[in-house]
Each structure stands twice: as C-alpha cells, then as structure tokens.
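Two complexes come next, and they have one chain in common, chain A, joined by chain B in the first and chain C in the second.
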Partner chain A sequence: MPLFISSSCLSKEESSSLIFDPEAFDPDKIIVVIDADRCIGCKACEVHCWNEHRDVREVGETSIHVMQVEKLSKDMKEAVCYYPNTCAHCEDPKCLDICPAGAITKDENGVVAVYEEKCIGCQTCSTVCPNYFYTFGRNSGRTLKCDGCFHRQEQGLWPACATKCSMKAIYFGYPDEIARILKEKKAGGDNIYIVDNTTEGRETI
Partner chain B sequence: MRNKKKQESVRAYDQIVKTVCQECFVGCGLKFFKHNGQVVDIAGDEDHPINKGSVCPRGAKIVQNYYSNGDILAQYAVVKKAFNNTGKRISWDEGIDYVADKLEEIRKEYGKDALTVLISNPNNFTNNYLGLRFAKAFGTSNAAVYEPMKPASELAKLALGGIKGALCNPPHDWINSEVIFVLGSEISSEVMLMGYLLDAKERGTKIICVDTKYSPVMAKADYPIIINPGTFNAFMLGILNIIISEGLYDNKNVKRWANGLSEIVRECLNYKQTDIAAKCGLQPETLSSLAHLLAEHNPINVIGSVRDDQVNSADSLVKLAWMSIVLLTLNDSLGLKGGGWNWLGTGSLPFTDMEDIQGGHGDQDYKHLLDEIIKKETCKALIWDGNILDENISKEFINALSKLKLVVHLSDKNDAANKYAHVSFPITNWLEEEGPVFCSHYRSIQWNNKVTEASGERKPAGLFWFKLADKMGYKKWFPWGDKNKELDVVQIADYHIKETGALACLSSLNGEDLNPGGILWPCIINEDAVFEDGALIKGRWLLYSYKDEYPGTNQCFPTVSGKVELINESGSNMGLGQLMDPEPQTASPLFAYSLVACSALSFLGNTGPAFDSKYVLGINPADAHNLDIKDGDKIVLETENKEIFEAPAWITNKIAENTVGMIDLEERSYYAGFCYRGEWREGTRVRIFKK
Partner chain C sequence: MTKKKIIIIGAGHAGLSAYEILAKESNLCQVTIISEESYLRYCPTGTDSLISDLVGLYPPYGLALSPLLMPGDANADKASTDDVISSDDNKIIFKNKAVKIIPENRKVLLEDGNVLEYDALIICTGAKPVDLPIEGKEAGNVFGLRTQSEIENIMAVAKESKRAVVIGAGAAGIETALSLIEQGLDVSVVEKTNQVMPGCFDEAAAKIILHLLEEKGLNFYLGAPIAAINQDDAGNVSSVTLENKKEINCDLVVIAAGMESNTDVVKDSGIEVNRGILVNDRMETNCKDIYAAGDVAESRGFLPNQKTVLPILADVQEQSRIAAMNALQLDSVADYKGGLPVNLVTSGGNIMFSIGEVIKTGGYSVNTYASPEKRAYLKLVFDNDQLVGVTGVNHCLPVGIIRKLILNRIHLNHCKDMLVEKPYVPDVWTNTALAKLWSN
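And now, the complex of A and B:
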C-alpha cells in the first residue's frame, strides 16, 4: 500500500480527507511511506539499493528511482517536489495477476516479491502498475522490481533505502509504527501532513 | 518479530571500522564492514551526532572505491614511463626514493620554487599539515591547501574577531532561527546539512533561498528567489538599502554591539532600490517584502553557500559575506541562540606559521596555483592529490601536466588524475582513523587517536610526506616517527594542538585518559569543554554570546574594540563605494545570454528525452522559441573570447530567461564541470546558436 506524505504537493482541501487511519490497514502487513517533504532528490537511496543488490546487478541498476513532481504555485514560478519512486507493495497487486511467468508473489508480511530468475523479461507488469514503477535491466531486460530487501528482512532489518536514506524520508513499517511516526511529525510543528495513496496528479518527467 | 532500522550489514564481515567521511566538509560518521581485510559494505554511524546513521550518495559511493577488484589502488604504487601509459609496480619505498632523487635534480636545475604542492582534501589532517610542512622545508612558496572561499574566512577574522572558520552557530542550533536566509545552493551538495534545514522548516522556520537557478534548496524554501547571474551583491545591497532607508532596525542596539554603522548607512543609501531590483531581475515589491521579512524576525541566520564561480571575483565574495554580517548586525542576530553567520566552505585547521622550519612559506590560493601551472612555465614538479573531473574539459591542464618533469599523485581513487602522473601512491582518506579530522561546516574536530590499517598497500597520505621528508634530510622538522620508522599520528596531532591557540584546552591527545571524541571549536578554556565517558565531546556552542564574555577577553566579541567592526582597514581596502557587482562588459549585442554554472542533473531533475552526451545546455522555453531551438538540437555556445562549447539543448523552465545553464549529466554531486575553466564564471556573456 503506497503512502505519500506531502504538504507542498497537494492542497489543503485534499489533505483533510486523507488522514492516516492505522485501523484501516491489516496490522500484519507492512506499509511503505514516502515523505516527499523531506526528500531532496539526492539519490542516496539509489546508491544504497544498488550496493545491496550489487552481486546480481550491473552498476546503476536499482529498484528505486528519484522522480519529481512539478506544479505551479502562485508565489513562485514553479514548485518541485522530489520523491523516490519504488514498488509500493500493493495490497492487491495487479502485476501478480498479470505476470505470465508466475514470477511475482505476495508473501505473508505483505512484500510483493519477484523471482528474478523466473522473470522472462516480457515487461507486461509495467503496463498495469498503478505507480508507474517497473524498471528493467539494461542488458538482461528482466525486472529489477524492489524485493523489499528480502535478505535484510530475514535478518530483522528494514530495507536499505529506508535505513540509510540521507534525509530519513523513506519508511517501512507496520501500521501502528507508521501511525506513531506520523504523530511525532505532526507534533513537531504546524505543518499539515498529508497521507495519500493516490498516484493521480503526479506527473513525472 | 519487528524489524529494526539498524545500521547493520547482511554480508559476512569480521570487523567494523568506524571512521569519519572525508567526501565533504560535513564530517559524518561512517561504519565500514570488512571481511578478511576487504571492505564489503558501508553504513552510517548511528552514534554519530551529525548524520545519526544516514549516508548521502557521496558517502555511499565510497564503497565502490574499495569493493572487490575495483580497489586496484590498494595493490601497488606505480611508476609510469609516460602519461596515460601502463607502468610498472614498485614498492612505496622505491617510489619515494625515485621522487626524492627527481626533486633534488629539479631543485638544482630550476630552483626551489619549481615544486608546487597542492592538497585538495582539506579534511585530511596529516596530508595537509605535513604537506605544507614539507613544502616549507623544501623551500618552495608554491603550496596550497584547497579552501573554496578563503577570503571570506579572512573577512570573518576582521569583522568578527580573529577566529578562523566561520560558523557562528552549529547546524543543531538552526532550528532556533526564525528565518534562515540561504545565499546560493552549495549547501545541497553537502547533503547532510540539508537535513538540519528541513528540521528547522518542520518546526516553523521560514527559509529564503536566493540563487541563479533552481535547486533542491529552492524546492524546500518558503521563499525561493531566482536572480540574474552575477547579481548576488546587488541583491544583498538592495535588502540592506531597504532596511536602512525605512529604518527597520534598532539604531541604539546596533551601536551597542557594532562600530561603523554610520558609514554603512551612508554607503547603502547611495543606491536606488529600483535600479537594484531591475539589475537582479526582480520586482521592487519582492525585494521589499524579503527585506521586511528579514528585518521583522529575530533571530535570523544567514547561510552563505555561494560557489566562488558564481560571483565575479573573490573580492565580490568577500563583499557579499561582509554585507551578510551587516545584515545580521542590523537584525541583532549575532550573539544569541538561533542567530548566526554560517559561511560554508571557509577555513581549515588553524595552521600555525611553522616557524620552527627555516624555509619557504607556502600558503597560497589553490586555484591560483592551478592557473599558474597552465599559464606559466615555472612549475616543473607537482605533488598533488586533486581530481581531474573531466578529461575533455581539462585538456589544457592535462597538456600542462605532460610538460612537467615530475608529477606525483596521491590517489584515493582510480580516476583520471591518477593516470596523468609519473608516480601514484595509493592512499587512504577514509579507512584511517588518524589525528584530528576537521570539518569546517560543522565547526568541529573529531579524532580517534589511532591509525586503522587500510586495505592492501593503501597508506595514510601523511606517511608519504613523512618518508619523503626523511629521505630528503628534513628529519629534524618531522620528528614523529615511531620505532618502526612509521608515522606516529598521535604525536603529530599532539604537537599540532599544542601549537594551536584555538585548541589549547586539549593539553594533550596523547594520553590514555582521553578517549576518542570530538568538539565544536573553539574550545579555548576548560570550562567550555564537555566530557562524556572520558571523551571530550563538545566545546563552545555559540561562537559569540551577548551575555558572556569571549573566553580570554572581557568583552563580547574578540576584537580590539570588543564590538563587531563593520568598517575597518580591510573594509576600506576592499573598496566601499563599489559594492554593486560590476556591469558585465558586453562587447557585442550578440552576447546577450548569461552563463550559469549549472549544477548536476540530479539537482534539476531528469531531462526527459535521453541525451547521448555528457553535457546539455539548459535553455528557457521563451528563449528557445525566439531562437527556434528545440529539445535535443545541437547548440553552439560561444564566449566573448571566442571559446566554443557544443552540447544538445534541453528546453526547461528551471533555467531562467536570458541565461544558459551548462549541465553535467554524469556528475552526481554538485560540482559541475567548471574545473580549470578559470574565466567561465556565472554571468559570463555568451552567444548561442543552432549548429
């Protein structure tokens, strides 16, 4: 389930209807949260992701990509908001249904995993991803989908991007943990934080 | 089981080495995971107060230098027959013998000043301290440690009273500011400092960012202001003009803390607000509202992060820095929590004059010496650790290098500079935990009192200088050998600290009672020092305080008068009366566009169409329309002195009208390919046309 926090990219009206409610989520499934207010587009997540998977990937092949949203605002020529685009580990992943090779599965804690060795590189998954996420190897053509750092989670560690993000803008967690983090953030100031699971209105270039 | 956000590696490792990142001035704590002596993974040090476990892309990429067979440098020192040619492997000692012999020959034939010593990494203590000592002992006056904005630190010394290094308040204090005024976007290349800006913003601090093009700081600022290239000084003058002419300051209070106010007032009123606004490309109302915002909030914090090629000259930068001190003084924001002057990239470890050595004295400007190598033919030997960012763009520099009799490179990574050398020594900048590590942005010094073994034949750069000095007979000035004739870093650090006033409270690092630690400096008296677990962890928090006397004085500011000296000898010398940026000298109306020293791609966003090129030229859609240029068209850029540069066009509204942005598509960090193009400053007039 993708969650997107931003006070700069969405308007105030949109925010009020999108307050995070942990009760609405399965308590045993992880949630990915992107805090676009803190992302500065530095691309550290890309380097960390590559480093974590460097044994099986070429240099520069990552499962996370920094994107930007641009929208005009009245007091400035334009506003830009950066965010790392990665697999949201959807609750009901469309890519899982459509994959002809059966290379995609969803495991019990919510991670949508891909068996890269099963992947045939047909790229059908990219056509249905609501997050415009899928990314493929330059030479192999096979998917580089985020595996939620499965090998790290096995050892009780959150994925590399979430652990090492330079600005602490990426979170993985169970609903109650996420609720706690968001509450702390809100308590810190007057900024309104918006939790959104929509991808509409976000244009990437 | 709940997962943890722990800085841990899942790779097999048998050792964790904690060290300080030396990629930039921030000084984050890193953890290297090693297996059988090889680096296998990297993470941030969660116990470190600066980065608290995070690592930026510049820090994270270090692992690529060390990981597996990428670490060619770890294996050997090389003597090359000629440039760009494979050489033969030799030992460190053989390499040093070769260099020493060559240097003797060169000195006999061309004199002492034929040697140039350039140290590009100001954070590596033994490298720059011993490097400068060696240069002095050899007798050359051509030696420099890279300090991006040295004049500004000289100015800080004069206006604020003698402390080299220019951070009044540490980043942890920024959350106490009401307004943070960021000049330029250099701060976004020292990524971890951005976190402190965001923290402040989350707590309600208003952020103003002024620059010539879009940047991540702009994206996060409450007031992102784009001004014309080369008009930083005009902009600052405009702000001061409005504050002074509208009386938006407390005259009595300012006079209590500062000298020279009346001269400033007279000076600033010489300019017209409307002229200034027009020059900057802003509406007069915008300038006015910013001035009011700055005047009506207290405390405010000015962060100077302007690149030196963004202003017309080093002098302009000094004037800009000085005007920002005037602004803070008018606002009464220099001696309290959340108020401060933070000029990034200034200062390094406060070196003494090394009076024990009779020899030359080299403490020159790094860029000036680089230019000398290209333009003059007096340099015959170069020892350096710098980086040739881009072989295409540095052709003339590489050409100049090829004419030298001896080029020695102290290499920490396998880049082009390593290739263009007669001898390259594989050094380590990261894996050693040596003497003090100085981090000027953070105004801190950190140390670990020991040297950790690096992989393969990588050794600390200080060892090169130490052994070379020994070989050339300067041993009496380098008495820090241990019984194995290796370098004893603790001893040098101890010596250095005793020599340096700003660290006088550390009577010795060379004691078992002092554990590894770090301080915010200066730490002039013992009362300033805060200890924890036997480690000194903190010195003076605010550099100046209205409430307390500056240590060792009976006044608030350590100047002769005890006040901020807004007008002093240096102020007069730098030419009050010419605060405005000079008008660009446009010989022909053809040269209607200004160049911006554009940042790396990641700071502007993806270009959309894929360009098969190292550079693109960013052009505003309005200009592109007038010139009939489309995305991807091959564009020729010509400067007034007929220099030509070609690259495809990228039509984007992140580049302001009437400017052309030169954007490096490959460079991840902020430093774009302006290296060794001395004349290519922001605001340089150019002509562009379709090829």
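And now, the complex of A and C:
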C-alpha cells in the first residue's frame, strides 16, 4: 500500500506526478494517508496511541513516532516539517515475508498485525521495513507494531491516532473514501505526493 | 516461447525466497525445488527459540508457496507424506538430495538416480553444523541444531532430562540454553574461547552478558574445549569430559558449535569454493547460469574487497531476489551491495545486539558507554561521521535504522554529536537519525 504525503516541501514538477486511481486498490483494504503539511508536531497521536494500548504497554511505548525532518525524500527541498511515522500497512509487506516466527499477518481489512505471543523479538522485520517503522519494547523485547487499533475497528471506529489528531493529518480509509479526501485536498490547493514504499527507501513516483 | 527450466536446490529461506520471485513470473519459467526435508515451509533460523514451550513449534508461514500447494493447504505446515508436490509448471521434490552438478551438460544428479536438466540453477543448500572431532558424539540424546526433526527430538528428550550440556556459547547456543532452562533443566554451556558470543561482541560486552546469563541460572565453562562425550550402558549420553579433565554429568547434549557452508553438492563440478561458493555481485558463480544465495554463498561484504558468508535473513532474502531475477535474465535488477552482520539475542527482559564492525576497531573512533550497576553497555564505532558498528546490552535501540545508517554509509554531519551525546535515548535514533536516512 503506498503512503500518501501532502507537503509543500516538494517542487511543482514533482506534484504533477499525482496519480491516484481507487480502482487499482482492493476496495476492502484500508489505506493510510499522512498529510505532512498539516502535522504541527504536537505528538497527540503518540499520546492517544499509548492511551489505547496502556494495558499492555509501558509508558512511552507507542506505535507512532512524530519526527522533525528536513526532507521527506531525497527529491524534496529542505524545510523544517513534521512527519508522524507509522506502519503503512503495505500491500505486499516485506516484514510478513521475512518473519522467521511467522508472527505477522495481513487480515481481511488489510491491517498488517503481529501475533505478539509468537514474536521472538529477533527484530528481523525492522531490517526490511521500508519506513524504518518497527520499534521494540524496552523490557518485553517484543515489537510495538501498529495493530490498526483493532479493538476500535470492531466498534466501527478508526484508529486513535487518526481520529484524535488535532490537525487531521492522519487518515485511515478505504480507497474510494481516500480518493474523495485527496480530491478535496487538491481542490484546496494542497500538493499531494505518492510515496512508493514497495521499493527500498522513499521515493516519489 | 519455451519456458526456462530453473532448478532450486534447497528449500530454506534462500530457496523459497527465490521461488517466491520466480512464481510471479510463471509465464517465463518452470521451477523445480529439491529439498532434503520432509517439511514444506521450513525455516532453520528460529529453531533455537522453538525449543521453548512459550513459543511452541511454529514452522514459518511467511513464505508464500500458495501457487504450489494442492488442496489440503491447511496441512502445509505438517510433514509432507508425498515425495513430490506439483502444479502445472512447478514442483517440489522432497526427501531427495542433489548429489552432483554437471555444468557442461546442464544437469543435476539426484540421490535416487534421477537426472534433471536446467537452464538456470540456483544453489541454496544453506549451512551445516561444523563437524567437531569429539569422541563419542554418536551417543544417544546428543543432538545438533539444524533440522526440524532434531528440534522435535530435543523437545521430547528435554521433558525427561534433568541436566543438559550445550556445546558452544554463540547466539544459537545461548538461546538454546535459555530455552532449556525455562523447561526446568540444569544447563551448562561449554565454550572453547574465553568469552560468550565470540565474534559478535567485544570482551567488555561479553563480560556483562556473562553476568546476566549466570543470573538466569546458566553454568558456564569458558576456555574449556570439550574432549569426549561419555555414554552409559544403554548407549545414551551420561557425561561430557572437558580437556581440563573436568567431567559434567548430563542426560542431554546439544551441539551448537557453529555452522559452515554446505558446499558438498558442488564438489568436483568446477564451481569455485572458498569458505562458501564464490559469487559475484549478480550472485552468479564462475559457471554461467549457476547462481548461489544464502548461507552457502560467499559474497561481497560491507568493507571494500571483503568476501563473507553472511547468514543474516535480510541479506539472504536480498541475495535470493537478485539470483532469481538474474536467472530469469531480467535487466532491471541492481547489483548486490553487500550485507552487514546483525546479531540479536533477547531473553526475559534483556536484549543484546551487535551490528557491523565492533571488534576490530583500529583506525575508527570509538565511543563506549558502560554502567555496570545497570548491566548496560553501549558502543558506537565511527569512521569520521559515518557509523560502522554499534553494539548494545540492555539498550533497546531500533536495529533496522542503525543497520541502514551503516549499510548506506550515511554522512551524519552534526547529527553525530547528538548520537554521541545521548545514544541510549531511542528517540534520537527514531527521530534525528531516521530523518537523516530519509533525506539521503
């Protein structure tokens, strides 16, 4: 699953490469959109991510990390911006292929989840993740992988980081919905970029 | 157009990763996998952790073999009763072994006398345990640590045993010992060198790790090569004798004294072998259309002009992908850029890892951070502003990011000062260092 970034850090030519065809995606699988232009680095997503998982995690162990970056890809111009780095729930997850314990699955919603009881803490997933997203518990040694707030989705709610984001910079949604959001954003003058995470590293396509 | 006949020898991670690539190009090729095992999805990597009941016996589900599977997919994780599973184009031959390769005639000889022809061959025979010259190692209840059946045997015997000896204090040996101690056994680890995990950690880190492991109840005999394994009247192991004449009573022995490339199949075939099968950056051997990947291949290392055998999963998968794409003669594939050793052991709240070059640090600038009272240790090795190695005990840092920083030879510039100042704060890595990685 590609990750979508909206950011004015990019040049005009780069922004013309926006192609999003909802038909090309499985209508039942969710897509994650990060609007880096809107992110102000407040870390509300981190707080709410931890709050949702507070029963099983220690303080500060979150599945989303807000970064302050100069560039989001090597093609971009330099400017200070923020980026909440989280699992992109890839269409063809490399971590799933490589996990020696077979602990990673992709469910019918497209959420890439880890069976924590199967995780042996070898961190091999972190070596192949194109987003360098995987982090691990200080004491448990087990992965702090985003589970797409599975318990919230059961109640028909989107993940906490998305719904509680103070700037509405994070979206989870099905392809048609995402297409609508991106259309609105483009009409509002935002530059939107597709970051291909199926290759090593992050490049605009 | 006739389809290319591609043979993969070995169905471990390397072989199946190569297959995964080839299966997507089924209009271009027919694939035959030759496996010595009777298991379909089978991964030797996690075997040492499997012994522990906590994890249970999970064969890997990760590798997608679905195009090959016949009805009864649910049984894919059990031992195959068939000798061959095949679909229209592809097949897996089980419980059979490639014994000889004849590059001139493009043929592979199998153990049962059959001869297979190929257009391209990918050798993924992996590694085998180093053959230790120990007297009496054929005794009952003495096991190696490679195949799934060995693991099942260890699990069965461990239920009845009281005292176990693990030979070798490498990562595999230590994880096995920890798994056994969880089962309530009294475990001793015998190691011929003077430190635990030689080759992965420096002496200072090894000392802390030794303390941690001793606290968990493991007994260590370091600098004590093993002399003989003794057996009782029934033929089962009764004790081991060290070279310093000390005798340790036991009823289970696990040999985890290291691996070497399994290059038996290329003997006398003209394919060049050093420690492993020598391959170029296209993963091709000196014989045309014969490729090697995984633990069996000796490929480009991280340092210039270095050739290594690198049994690291991420690198193995990359090698297999390159070998498979080149076997199909797809032009789009980039050359192999070399891999990096990554070792990581976790046990009950303790984590120890080492990435890159952390022992031979001559000519590099080294920063160490030790707090013995917390049993924590961290060492960063820099070449100017490029990271070349990191090792840590009881510091949970993002290994994936560190590996990529080293592998891509990222110039850290001012970011280096932050890393040197507070390397033990994970945020410095997941934020500052990662930003550096992205913008390069």
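Convention: the second predicted complex is superposed on the first by the 178 of 205 C-alpha atoms of A that agree within 3 Å, B and C clash if a C-alpha of one lies under 4 Å from a C-alpha of the other, contacts with A are read in each partner's own complex, and residues count from 1 in each chain.
Simple rule for what comes next: contacts are C-beta pairs under 8 Å (C-beta built on N, C-alpha and C of every residue); 3 or more make two chains touch, one makes a residue touch a chain.
As the structure is a prediction and not an experimental result, all values here were calculated from the model.
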| item | value |
| --- | --- |
| Which superposed partner A:Cys99 touches (first chain B, second chain C, both, neither) | second |
| Chain B versus chain C as contact partner of A:Gly121, first or second or both or neither | second |
| Which of chain B and chain C A:Ser166 touches, first, second, both or neither | first |
| Contacts of A:Gln68 with chain B and chain C, given as first, second, both or neither | both |
| Shared chain A surface residues [contacts with chain B and with chain C] | 66-68, 70, 76, 78 |
| Interface residues, chain C side, partner chain A - complex | 13, 17, 20, 43, 45-46, 49, 55, 58-64, 312-314, 317, 342, 344, 346, 349, 351, 353, 396, 398-401, 403-404, 426-427, 430-431, 434-435, 437-440 |
| Chain A-touching residues of chain B, taken from the complex the two chains share | 1-8, 10, 41-44, 51, 53-57, 60-61, 63-64, 67, 188, 191-192, 194-195, 198, 202-204, 214, 216, 218-220, 223-224, 226, 602-603, 605-606, 608, 653-654, 668 |
| List of chain A residues in touch with chain C within their complex | 65-74, 76, 78, 85, 96-102, 104, 118, 120-129, 132, 134-141, 201-202 |
| Touch list for chain A against partner chain B, complex | 37-38, 40-44, 46-48, 51, 54, 59, 66-68, 70, 75-82, 151-158, 162-168, 172, 174, 177, 185, 188-191, 204-205 |
